Amino acid sequence: MKPPVLLIDCPDRKGLIHDITGVLFRNNHNIISNSEYVDHETSHFFMRTEISGGNDFELLRDELYALLPNGSNVRFSNQSPKNIVIMATKEHHCLGDLLLRHAHHTLNASILAVISNHEVLKPLVKRFDIPFHYIPFEDVTKEEHEAAVISALKKYDPQYIALAKYMRVLSSQFISNYPGRIINIHHSFLPAFAGASPYRQAFERGVKIIGATAHFVTEHLDEGPIIAQGVTPVDHSYSVNDMVLAGRDVERTVLAKALRLVFEERVFLCGKRVVIFE
Amino acid sequence: MKPPVLLIDCPDRKGLIHDITGVLFRNNHNIISNSEYVDHETSHFFMRTEISGGNDFELLRDELYALLPNGSNVRFSNQSPKNIVIMATKEHHCLGDLLLRHAHHTLNASILAVISNHEVLKPLVKRFDIPFHYIPFEDVTKEEHEAAVISALKKYDPQYIALAKYMRVLSSQFISNYPGRIINIHHSFLPAFAGASPYRQAFERGVKIIGATAHFVTEHLDEGPIIAQGVTPVDHSYSVNDMVLAGRDVERTVLAKALRLVFEERVFLCGKRVVIFE
Amino acid sequence: MKPPVLLIDCPDRKGLIHDITGVLFRNNHNIISNSEYVDHETSHFFMRTEISGGNDFELLRDELYALLPNGSNVRFSNQSPKNIVIMATKEHHCLGDLLLRHAHHTLNASILAVISNHEVLKPLVKRFDIPFHYIPFEDVTKEEHEAAVISALKKYDPQYIALAKYMRVLSSQFISNYPGRIINIHHSFLPAFAGASPYRQAFERGVKIIGATAHFVTEHLDEGPIIAQGVTPVDHSYSVNDMVLAGRDVERTVLAKALRLVFEERVFLCGKRVVIFE
Amino acid sequence: MKPPVLLIDCPDRKGLIHDITGVLFRNNHNIISNSEYVDHETSHFFMRTEISGGNDFELLRDELYALLPNGSNVRFSNQSPKNIVIMATKEHHCLGDLLLRHAHHTLNASILAVISNHEVLKPLVKRFDIPFHYIPFEDVTKEEHEAAVISALKKYDPQYIALAKYMRVLSSQFISNYPGRIINIHHSFLPAFAGASPYRQAFERGVKIIGATAHFVTEHLDEGPIIAQGVTPVDHSYSVNDMVLAGRDVERTVLAKALRLVFEERVFLCGKRVVIFE
């Protein structure tokens, strides 16, 4: 059982750590681990504290807001598994990896359902006894398709949506329903090879290293805040398809890492970047 | 002493390896190591062979050209150290690394001179008893500046020019004098962050890995064929300057690796990419 | 469909490549890709050639043996999927990874069955409709247990056995039945931390990088020829359990890589080492 | 100019961070960055705090000791460059790297002298105008040799001694003079290949990755607490000498990293391990 965690971000000022830890101390909470960071570009303070002793979070929150500057965010999390929905298209490797971790209780999340615009992944999802929603996009408008997806999502009310190689671009409209709650895996070392067919682009450019990027999805395609990246070496003998295959191991590992960080409440948004307490 | 090496590239056809090795065998050359590659996109064949036994390279070359298809290139190299000139601006780490390797005979090249558009690196170069040419670009046109550089280069007639953090863009005119003979180190994981201030760009994009790229210089800025790349992890706590410092170790290692590969005759140009026999 | 591959190892002598490629040429086989290597410590020659054109492998083999030195091995493989059995104990991550790849036809092998000395992995294996053999080791001697395993293996007659975190030491007697055909994943960067509890050892030693090693199993525990290794960074904040979790992604990736190399006929044994044509 | 840093380690107890930051706050010091860690195996607390505002360190120290538990260590550092002596034998790459960094003010240390048991590195050291002490070990006992080294060291009174490929084993007696102050680079991925000729050992074992390890020197050879490690891939085609060459880039990078961490006061000893605040 993971300990509860206190998450604060606020404008920086002198004495913050002393004040915050004072609230914890007076309320008889012990600090198991503590991390702070000040973004000196914006003078914004971030703190993640694992605590023990009691469940008086409402009270603590009130006390903390009383002494913190305006513009502060205080949040407690009991680190219980997150409820998530996965969206995927045709590739199995990221989805399968998450299903495996879920089945063996190492994902720190409950996969409530999988939504796909194709049917090929249905047998895989069924192996793991997870609801599978096939929502085709042919013969409907983009708006209609997304409305159907949102309708399916509403049934599950997920805390996070993981795009495990979901190959359709989501509209700003769609994304605005889940701010900071959609995580995507992009099959390139962003910002290199943004857009379509990154492995084809990588092949043609003759790069010696390929990679993958997990990021929050914002309305700006492939430009959301990056959570995790990974790379693997390639050489001239790799065809585009060889790169695709080599990239798979990176993609699934990077997506799983990003989800772990988010689900363990280790990731703060900081403008177009993130602060991560590993 | 490294063995002589035979370098062939030509249009692919059946029986090539058999024919080429037949010429070597009949002339009593033993094959110490051999590497071939066929680029299936262009049906072009590449071969690098380290051989022993005799110096009859003229004869061999004639025999080989006689049996190879039109459009073949046959070259022998005795792998003696290359003559090079280094161009740099203000940063010492790549230049210093090459000077050290040169002084201890591990560069596989003779550094004939260093040319710089600033004077700050002169003391470093002088420590190693290498001629230093300060060619300022202030108060002259780009054409005049490059003419002065070319004039200095002509004195040394280098086989290769290494741009060890030379921060001026070279003109197409300049580059056309040294086709496939100028190697640059770019301080980003190209094609990400091409152009100026890549570490600033990387910082603002919030990437989790930074890198460096060594490439042949062509008239298309930052788009020449890539020879080697390297990366190192960073996180949100890295300022732009921290990235600059972390990147230095990658830059110098990647440049040195690329030069080693080129100087050991391991790199073939193949369109916009390279084939490397490591 | 992968092309047939010709695999030769033999004592080195002048003219080998010419002679071998001559046989292929005269029999109208084209060379799609070719790799050679001479181990200069033992003067032994290794060659892997992907060929096209015809199925006259018996004839080719006879011709090749006729011209090669004594002590040569010539083998053809049509690169069809290998038949394998997986042995595992309690951990799911390597096994699950192989099951996923198998289900999606990216393993290049048919998993005929899974054998385990525990029952906990049975539900996972059943999800993928693969036979699961629970062969307990309690209340029997080691000889009896291994006899039961061998009996189960005989039913399937696998070409290779993958030990996907099988935590029992196999006897020399057992291993001698499958020379060069058992591949194990060891959860350390061998030869560091051989033996039991490598992550505990790594933690206590305070290493900054942990790893995993896939190797052929020989009668010398943890000393078989290494096929692939991988690493991941750790720091002082990692508990033993954190290292176990971080190591999992490395273990499964390294095991899958080793199996791919072996199944694609890219690995030659060379004394206590291997030659790999990637 | 780097800010002053406060370094504390002490037995853990509730309220420590609150108490410590209270002292800073009341004395009008701002916290620029702060890192804490509790080693849960020993219940020991570590804290590194960069502060601004005043130079009243004596006073702060007294106040801190008054409220901290017995067994606490409180230290301030103004992060001025450390005074160091380098010891080396014949290899130039680590020494040259440190000399270059020193000459360009990126080492965060003053190299007061270089001591060697051979003369071959003298020309390199002389290029950088650093005193070079040749202290031969032939024709003298180990005790006499070490006495001569200590005598030379005493003249410089260095804060740290960097062993940049110093290939003689130092006696416990010698080491006891500089507890926690000697940093060595070992040319293997410890604990793999401890002892002599690690690259030869690595070659014979057929490993796929080689590495280097920087560690504090204790009386137990190759077993001192590890500060930094690095790795690079190799394959069957690498001779022992190729591994030596490939290892050099890792060795110098790892040693430089370890020294940077130590010189920036980021490393705490914690039994046989270290805690590092990067």
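Order of writing sets the chain letters: A, B, C and D. Residues in each chain are counted from 1.
Heads up, the rule we're going with is that contacts are C-beta pairs under 8 Å (C-beta built on N, C-alpha and C of every residue); 3 or more make two chains touch, one makes a residue touch a chain.
Just so we're clear, the structure is a prediction, and the values are computed from it rather than from any experiment.
Here B-D and C-D are compared, and the pair linked by more C-beta contacts is C-D.
More than half of the contact pairs of A-D, counted by residue number, reappear in one of A-C, A-B or B-C; that pair is B-C.
The centroid of the Cα atoms in chain B and the matching centroid in chain D are 35 Å apart.
Centre-to-centre spacing of chain C and chain D amounts to 40 Å, using the average Cα coordinate of each chain.
Residue positions of chain D with contacts to 2 or more other chains are 37, 237, 278.
By the touch criterion stated above, chain D contacts chain C in their complex at residues 37, 39-40, 189-193, 204-209, 211, 225-231, 235-237, 239, 270, 272-276, 278.
Put simply, chain B touches chain C in their complex at residues 14-15, 17-18, 21-22, 24-25, 30-38, 233. Listing the residues of chain A that touch chain C in their complex gives 92-93, 96-97, 100, 103-104, 106, 124, 127-128, 237, 245, 249, 253, 256, 278.
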